[in-house]
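Naming follows writing order (A, B and C), and every chain is counted from residue 1.
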Amino acid sequence: MIHSLDPRMNRLGLPETAPAAAKPALDQFETYEVFHQKKEGAPFVYVGSVHAPEADLAFLFAKEQYSRRFACTGMWVVPTSAITVTEYAGDTESAYDTLPLLPRSAAPAPVDESVEQEEAYAAGEEDYDIFHLKKRGKAHQHVGKVRAASPAEALQVAKAVFGEQRPVVNVWAVRSADVLHSEDDDRDIWATTTDKKYRDAIAYKVQDRIEKFKAENPQA
Amino acid sequence: MDPKLDLLYRLADDQLILGHRNSEWNGLGPILEEDIAFSSMAQDKLGHSLQLYGLLHELGEAEPDTVAFTRNAPQFHCCQLVELPIGEYDFSLTRHFLFDHAELLRFQALADSSYEPLAQVARKLRGELKYHALHANTWMKRLGTATDEAIERMQAALNFTLPYALGIFEKTDAEAEIISSGLFIGEDELQSRWLESITKVLGQTALTLPDLATATPVFGGRHGQHTEHLQPLLDEMAEVFRLDPTADW
Amino acid sequence: MYGSASTHDLPSTAPTGLENEDPILLAEFEARIARGEKIEPGDWMPALYRKQLTRMIEQHAHSEIIGSLPEGTWITRAPGFRRKMAQMAKVQDEVGHAQLLYSAAETLGKTREQMLVDLINGKSKYSNVFNYPTPTWADSNVISWLIDAGAIVNQLANAKGSYGPYCRALDRICAEEAFHLKYGHDAVVHMATGTPIQRKMMQEALNRWWPAIMTFFGPSDKMSVHTEILMRWKVKMASNDECRNQFLDMYVPKIWEIGLTLPDANLRKNEETGQWEFTEPDWEDFKRVINGDGPCNAERLAVRRAAEENGAWVRRALSAGKTHQYVRPLA
């Protein structure tokens, strides 16, 4: 057994020599993309991904990976495979310009909240959430919802509704039904970072101690 | 012992020791993301114990660091459940599930305590405890319905852990006064709420709750009787602290 | 916590493969970088760019997850609530940083599982400093302060690099590491200005760690064709010597002001050149350790292997009956 300086490792009982056979790779979980909301009313912004076998666990994981250190009031989790992505444009261009044109009978419009969900569903349409990347290297941000019959159509509708905005480096479209939202009832799970100053840089103020030491030890 | 002190010491010691134990998983978890989540909950437990030791300090007890880092096992009031080594993840998750359900319900009840400072702390912890229970439930449901291997492991862990979990509800001499003064609803009431709560979750899995009538609760912890694991844990925890008791670390 | 872009271990004779790339696409790619735009996963990129970035981000990720171990050594023994909770949070952050960086590397096409397996099988490198032990609490504090400080110098430079996902991960990592740096400094200052026992512990730990710290940024870069290309592509953002000099400039005065000494009689700043002078680190020893013969190499990998093996049943259970296929992260 390897004798470690870490008592935890000694309890694990690590073998002295590595097994001769190389470790094979296990199967990958699927990945989820995570969006957070910094404060009430602010748009949801992309923060990164987690690996998880299902949405519920992805949410548990995302919550601590992406909200433990900074203010957060809500979180969305989306299977990566559910996101439709456009080409990437340059920092001064619009990704909408490269979208292939699709025939569309009705004039596209943003989600009309007055139209009942059932009515739209009956027409084969669903809600899609649209995210824009405004600058390369920055993060995708939620710009709104559109109603469409397919992801490709959702991008077309988004182009009509949000296409005036510039620049738009990249667009993501995802069926709203595929977005796992944090519950309004669970708002209190986000309001816990304020008591955790021990993991905040501002909690560590040591200058007084240094000055005192220097005053007492002028030769140092 | 004064009923307030009696109650606070039990709560604080449970949180400290389990937080310490769970921190041992830091960097060794089964999945990177889970490693992070489990560490957060361990930190939360440490934070809870610190707040409770803070209340004890206001009542005239020593500083939290002194109380936590200088007592020996017989002076601890934690249940034996929290002292057990972390074992494998099946045990650690099962302990987390059984303990955190009791903890959530306990602090929900304490939000109405006649002792206002404690009620305030209990209300403040609500969001964290909710996440802990959500985490525990999601895992139990998932592993408790997964492969035969996982179900077998989780069932064995449940069978082993349950008698220790019943030790959470061990009463002390102060119990009657704790209830009559409105400090807390009491351990019997908590246990029945807890049983209902865990039964509901386990009902959604392939796991069976062992018969409580035949399980012998592991008592003693609330009275300073502990497993052989607690003193080594305390020695390890205080190894640096005791190097120089006059030092400010 | 990662020090150098380790391009130095590329043989200077290795082919760049650039002659096989489409010249028009290559010119567009280079023009984009020259304009200051970031490269995103959906863009065309030369094979060499993909390969070098994957390697660098992967090594960085490994350095975080292995780097959590020497401080993790003291996680159950941190003295007092404040330190105990902060030590936990810091080690947790390192694991979190590994997660972020593996995701960034995945966007280039290598799966996380493959990276973790390569690490365990000894096929990948990580920052060499983590092959050294932390025999006392003070050693852990030295890492929290000075290794993190070094890592921040490197990471702030890399955050200006050209690859979008890596920049996003680094922005988050640097924000989190502001806490590490302050926490580490706070702990070292408390020890250095504390009781005689504390001061002695801290000085001894610093003496033990200084040679490793001096190697953290790697040997002076050999200017090769590769280095030149990687700098033009903003994969490598600053030379190892520049990083080391910046680190010494920022931290040596802070070490000296709290009465600590450094075990190098030649260490001084040349005020005329602005460059620090020091005894050249023992690069032969560095090479020996990085190739597996350090005091903790075997343990570090054994720990990762044990964590993977002990968690395998959990992962098998979670994978059972899964309906979705793995898709690499988008950004």
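Definition applied: contacts are C-beta pairs under 8 Å (C-beta built on N, C-alpha and C of every residue); 3 or more make two chains touch, one makes a residue touch a chain.
Since we're looking at a predicted model, the values are computed, not measured.
Following the contact convention of this document, C is the list of chains adjacent to both chain A and chain B.
Counting C-beta pairs in contact, the pair that comes out ahead of the other among A-C and B-C is A-C.
Farthest from chain A in terms of Cα centroid separation is B.
Here the CA centre of chain A is 32 Å from the CA centre of chain B.
Note on chain placement: the centre of chain A and the centre of chain C lie 24 Å apart, centres being C-alpha means. Centre-to-centre separation between chain B and chain C, using Cα means, comes to 37 Å. Contact of a single residue of chain B with at least two other chains is seen at positions 24, 28, 31-34, 36, 39-40, 43, 47, 142, 236. Among the residues of chain A, those touching two or more other chains are numbered 7-8, 12, 29, 50-51, 53-54, 57, 65, 68, 196. In chain C, the residues that reach two or more other chains under the touch definition are 69, 72, 74-77, 85, 89, 92, 96, 99, 190, 303, 306, 310, 312, 315-316, 318. The residues of chain A lying in touch with chain B in their complex are 7-8, 11-12, 29, 50-54, 56-57, 60-65, 68, 186, 188-192, 195-196.
The residues of chain C lying in touch with chain B in their complex are 65, 68-69, 72, 74-81, 83-85, 88-89, 91-92, 94-96, 98-99, 102, 137, 187, 190-191, 194-195, 197-198, 303, 306-307, 310-318, 320-321.
Interface of chain B with chain C (complex): residues 20, 23-24, 26-36, 39-40, 42-43, 46-47, 50, 64-65, 68-69, 88-89, 142-143, 146-147, 149-150, 153, 236-241, 243-244, 246-249.
Of all the residues in chain C, the ones that touch chain A in their complex are 32, 35, 37-40, 42-43, 69, 72-77, 82, 85-86, 89-90, 92-93, 96, 99-100, 103, 106, 111-114, 117, 120-122, 133-135, 164, 167-169, 172, 175-176, 178-179, 181-183, 185-186, 189-190, 192-193, 256-259, 298-299, 301-303, 305-306, 308, 310, 312, 315-316, 318-319, 322, 324-331.
The touching residues of chain A, counted against chain C in their complex, run 2, 4-9, 12, 14-16, 18, 22-31, 33, 46-51, 53-54, 57, 65, 68-70, 79-81, 83, 85, 87-88, 90-91, 133, 136-140, 169-170, 172, 196, 198-204, 206, 209-210, 212-214, 217, 220.
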